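By letter and in written order, the chains are A, B, C and D; residue numbering begins at 1 in each of them.
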Amino acid sequence: MSQTFTLSPAELALRLGDDALILSHRLCEWCGHAPTLEVDLALSNIGLDLLGQAQFFLNYAGEMENAGRDADALAYHRDEHEFKNCLLTEQPNGDFARSIVRQFFFSAWQQLRFHELAKSGDATMAAIATKALKEIAYHVQFAAEWVVRLGDGTEESKCRVADGISWSWRFVDELFTGEDAALRPAWEARVRATLNEAGLDLPAPVRGITGGREGRHSEYLGHLLAEMQYVQRCHPNAQW
Amino acid sequence: MSQTFTLSPAELALRLGDDALILSHRLCEWCGHAPTLEVDLALSNIGLDLLGQAQFFLNYAGEMENAGRDADALAYHRDEHEFKNCLLTEQPNGDFARSIVRQFFFSAWQQLRFHELAKSGDATMAAIATKALKEIAYHVQFAAEWVVRLGDGTEESKCRVADGISWSWRFVDELFTGEDAALRPAWEARVRATLNEAGLDLPAPVRGITGGREGRHSEYLGHLLAEMQYVQRCHPNAQW
Amino acid sequence: ADRLAAFDARVAADDFIEPKDWMPEAYRKTLIRQISQHAHSEVVGMLPEGNWLTRAPSLRRKAILLAKIQDEGGHGLYLYSAAETLGVTREELIEALHSGRAKYSTIFNYPTLTWADIGAIGWLVDGAAIMNQVALQRTSYGPYARAMVRICKEESFHQRQGYEALMVLANGTHAQRRMAQDALNRWWWPSLMMFGPPDDNSPNSAQSIRWRIKRETNDELRQRFIDATVPQAEALGLSIPDPALKWNEATQHYDCGQIDWEEFYAVVRGEGATAKDRIQARIDAWEKNAWVREAALAHAAKRSTKQAA
Amino acid sequence: ADRLAAFDARVAADDFIEPKDWMPEAYRKTLIRQISQHAHSEVVGMLPEGNWLTRAPSLRRKAILLAKIQDEGGHGLYLYSAAETLGVTREELIEALHSGRAKYSTIFNYPTLTWADIGAIGWLVDGAAIMNQVALQRTSYGPYARAMVRICKEESFHQRQGYEALMVLANGTHAQRRMAQDALNRWWWPSLMMFGPPDDNSPNSAQSIRWRIKRETNDELRQRFIDATVPQAEALGLSIPDPALKWNEATQHYDCGQIDWEEFYAVVRGEGATAKDRIQARIDAWEKNAWVREAALAHAAKRSTKQAA
């Protein structure tokens, strides 16, 4: 199943671009509905950063493919099985705890992954990663602080954040397939530190659910794409 | 605003077909999620009846249009502003009380409207209406019984059904525009009888919200159509 | 001991046991487990198909799918009723499902990702279910056997509809053919797992066969399913995703590759890709609508008080 | 009386009143009402645009829209802060919004039905808002005036973006041009209503102008908006949905048709097409997430206890 070792740069750009695209879409769903105005703005901020990353990666993936597709063509005119985002990013928002845990797990992974990518021989990828790392540092901090607040808040918030962790934990394995496996110890250390501060433990290992990287998604992605792509699909030749 | 007096048979078939199509879609959303298995089956049943009506009316509308469009073409390839369903049918399910009130208001209107239609000089429309009336009698009864159960059940269910009534009440005016205005007294008598049995009153008049019959919808229809039409829009020339 | 011998003799003679008849406690328990598991499977099975109701690509297909799911809910109802004749309530059975004590078929813990999955479920999943269930029409417990007669009839119909839907895709556009093949790729192995663990690892089988709760072994049924399905796939022009699959002239059966039993047991343990989503959907439907059931009970109580007065 | 005279003199001299300065109670109340209504409008205004975030037809447009909505949330924050300097808490203001005691701009009770509505809102709604607000940069209350400087700058930017988005549609396919015209048809009259009732029916205007909370009358501002907007519509090739609209050489202004004030007052009363949806969305966001705010407070309390120990 693991194909990371032979990953082409175009495939890697597609994966990282789809991760950012899909998670930014989920963050858009929070807009106007967050617990406070300040949190609303912060989630929009993260969403905007991810949307920017998606544009860079997908445009570059399109360039490498050299078939005349730009980021918009890739975002709006691929079918579900052509999307390569990890399953974690497409999971529904659930309550705020689920969304925050998803963000924390993902951003902490992105931070490590992009740190490697910034040293890549591919100058474009390295430049995208370097720019993104400044944004990601804030995403990790924001999400980690909320994990701590919720874990060390009320009984209810502790329950909810624990539920969020057990929901997302099943999708962690997928982040560490192939050569990314090497990143796992550092990721677990980072996550453990925050969970401990929140009075929570790292969950026991579970059977990981994978497939996103090969285009086999959860049932949620199809609904997301139906909404995201609808206008473009109805007007295939229009400019916007 | 009221254009019912000059309504062409094709436009009428479109309106009645869209009503049935959109409400049956909402009922599909309940499938697998209803309060009991029995209710689940009953809602599916109503949904199936309405879906059948939609097919008859839309196929007939397509025939009259004489431009080669059948019911599928009309359902899957029209844009939002071309849909002529009343706003009541596109309202979100909300809780069970909202859905049941929506059904009761709509089915009670349909019953009166189709009773007239069954006497129409247009033999096709009359036949569709006659067949549908048998189904509708059951829809009205099912919904009315639940309105009574909820109104005369617990404090909570009474609150919820009252909320459902006030949600849907704003869309009642639209049902009685043009020549359909003559149906209103009979409809109000029917609704009042059930509400009284449920220990509830007919609400005070409010400013009605209209527009569906002219293609100006609520924000909900666009999301519904994105989901309903997505596969067809992605594969415009495929057979299914 | 006399009662037991009489019971065994009746069962061995293919006689039906009825609710008021004496039966061994183990027989009763096994039946409750099996019938309720079957009922839960019907009800949970509404969800993966329901996932495509709102996106069905034609009005005709949408109506067929809605009617099919409705049939499944109906099967759930007959089966819960059959289980209730054994002295449990539907609420107890549902509570066991929601708490994870009761199981349902592992197949429903896989996601439906394209419209082709709806065809594949009809063809393969209903096909496998029929293979499993056809013998149950003559199972020893009367109410269960009678429920199965009706269920099997409807499921044959569903299977044909599923196969026909897939046929349209297989003869359709490039994208549709891809969808159809992809669906077969994803549903083939889980369908084979529906027959349960291999015979050498199926502890309850012998007793169940003796009780006529089962009439053939898992491996026998699985083989029959493979033999029936491979030519159907060929007729569709689709490839079974098993490089080891080959007709064996000697046995007059298809040989096939190794099933990933590790995956099977993980899904049984509740670790399937959509297990958490499925059970959460059921729990939500039950808990968020509790007020509706309470209202109905309260109203019925008021009404009977009124009538008594 | 001395204090009042001094206050009036300062205001008349276009001096800024600051939070610690003495001010008449009616002035304070009027300001709280006006600033909080403005803040609520920004926050509720996030919803109709947010309705198209998940369907924005290009990544660039999606980013522009998300950033715009974020700006509106930011405006809400500055304005709540400005209102808080007058001695109310944000919670009190939000409670007044949710209970229906506080109002927000009627414009946000109309639905966004196509992507063109997003362009039309930027062009017309932000355009009208700027017309209304530009004078508020010199309003007499310092914190409000300073918030408005920043807000007006961002809203000019939004207006240009909205107009540009609509320009693309107006020059696009037949369907896109239809969308653009339809959006103008639906948003034109509600935009004119944003300036409030006609002067002869606007009881608070005179006092507000004396207090420099307002600097021009509703009708003056409305006329200025019409005069600025008609040529912009012409440049787009779109028609203003008002058959009575005509340039008047004598007045050097556009004459226009009668506004449906009955509709305006109905929307003010909370009977707009999406009023119930808007306020319900805000209440849901607040109530369903109450546990998050409680957790943050509980955590902060624990932390400060720990630090004190």
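Note that a contact is a pair of C-beta atoms (placed from the backbone, for glycine too) under 8 Å apart; a residue touches a chain by one contact, two chains touch by 3 or more.
Here's who's who by UniProt: A, B = Ring-1,2-phenylacetyl-CoA epoxidase subunit PaaC.
Predicted model, so just to flag it, every value in this text is computed and none were measured.
Here the chain-to-chain distance from chain C to chain D, counted in touching steps, is 2. When chain centres are set by their Cα atoms, the one at the greatest distance from chain B is A. Counted by C-beta pairs in contact, the busier of A-C and A-D is A-D. Mean C-alpha position of chain B lies 34 Å from that of chain C.
Centre-to-centre separation between chain A and chain B, using Cα means, comes to 40 Å.
Looking at chain A, residues 79, 226-227, 230 sit in touch with two or more other chains. Multi-chain contact residues of chain D (touching two or more other chains): 55, 175.
Chain contacts here follow an irregular pattern that is not a line, a ring, a star or a complete set.
Per the contact rule defined earlier, chains pair up in contact as A-B, A-C, A-D, B-C, B-D.
Note for the complex: chain A touches chain D at residues 21, 25, 28-29, 31-41, 44-45, 47-48, 51-52, 54-55, 58, 71-72, 75-76, 95-96, 148-150, 152-154, 156-157, 160, 227-228, 230-232, 235, 237-240. Those residues of chain B that touch chain D in the shared complex are 79-81, 167, 170, 206-207, 209, 211, 216-219, 222, 226.
On the chain D side of its complex with chain A, the touching residues are 43, 46-47, 50, 53-63, 66-67, 69-70, 73-74, 76-77, 80, 115, 165, 168-169, 172-173, 175-176, 281, 284-285, 288-299, 302.
If you check the complex, the residues on chain D that touch chain B are 48, 51, 55, 111-114, 175, 182, 186, 266, 271, 273-274, 276-277. Within the complex formed with chain A, the chain B residues making contact are 79, 223, 225-227, 229-230, 233-234.
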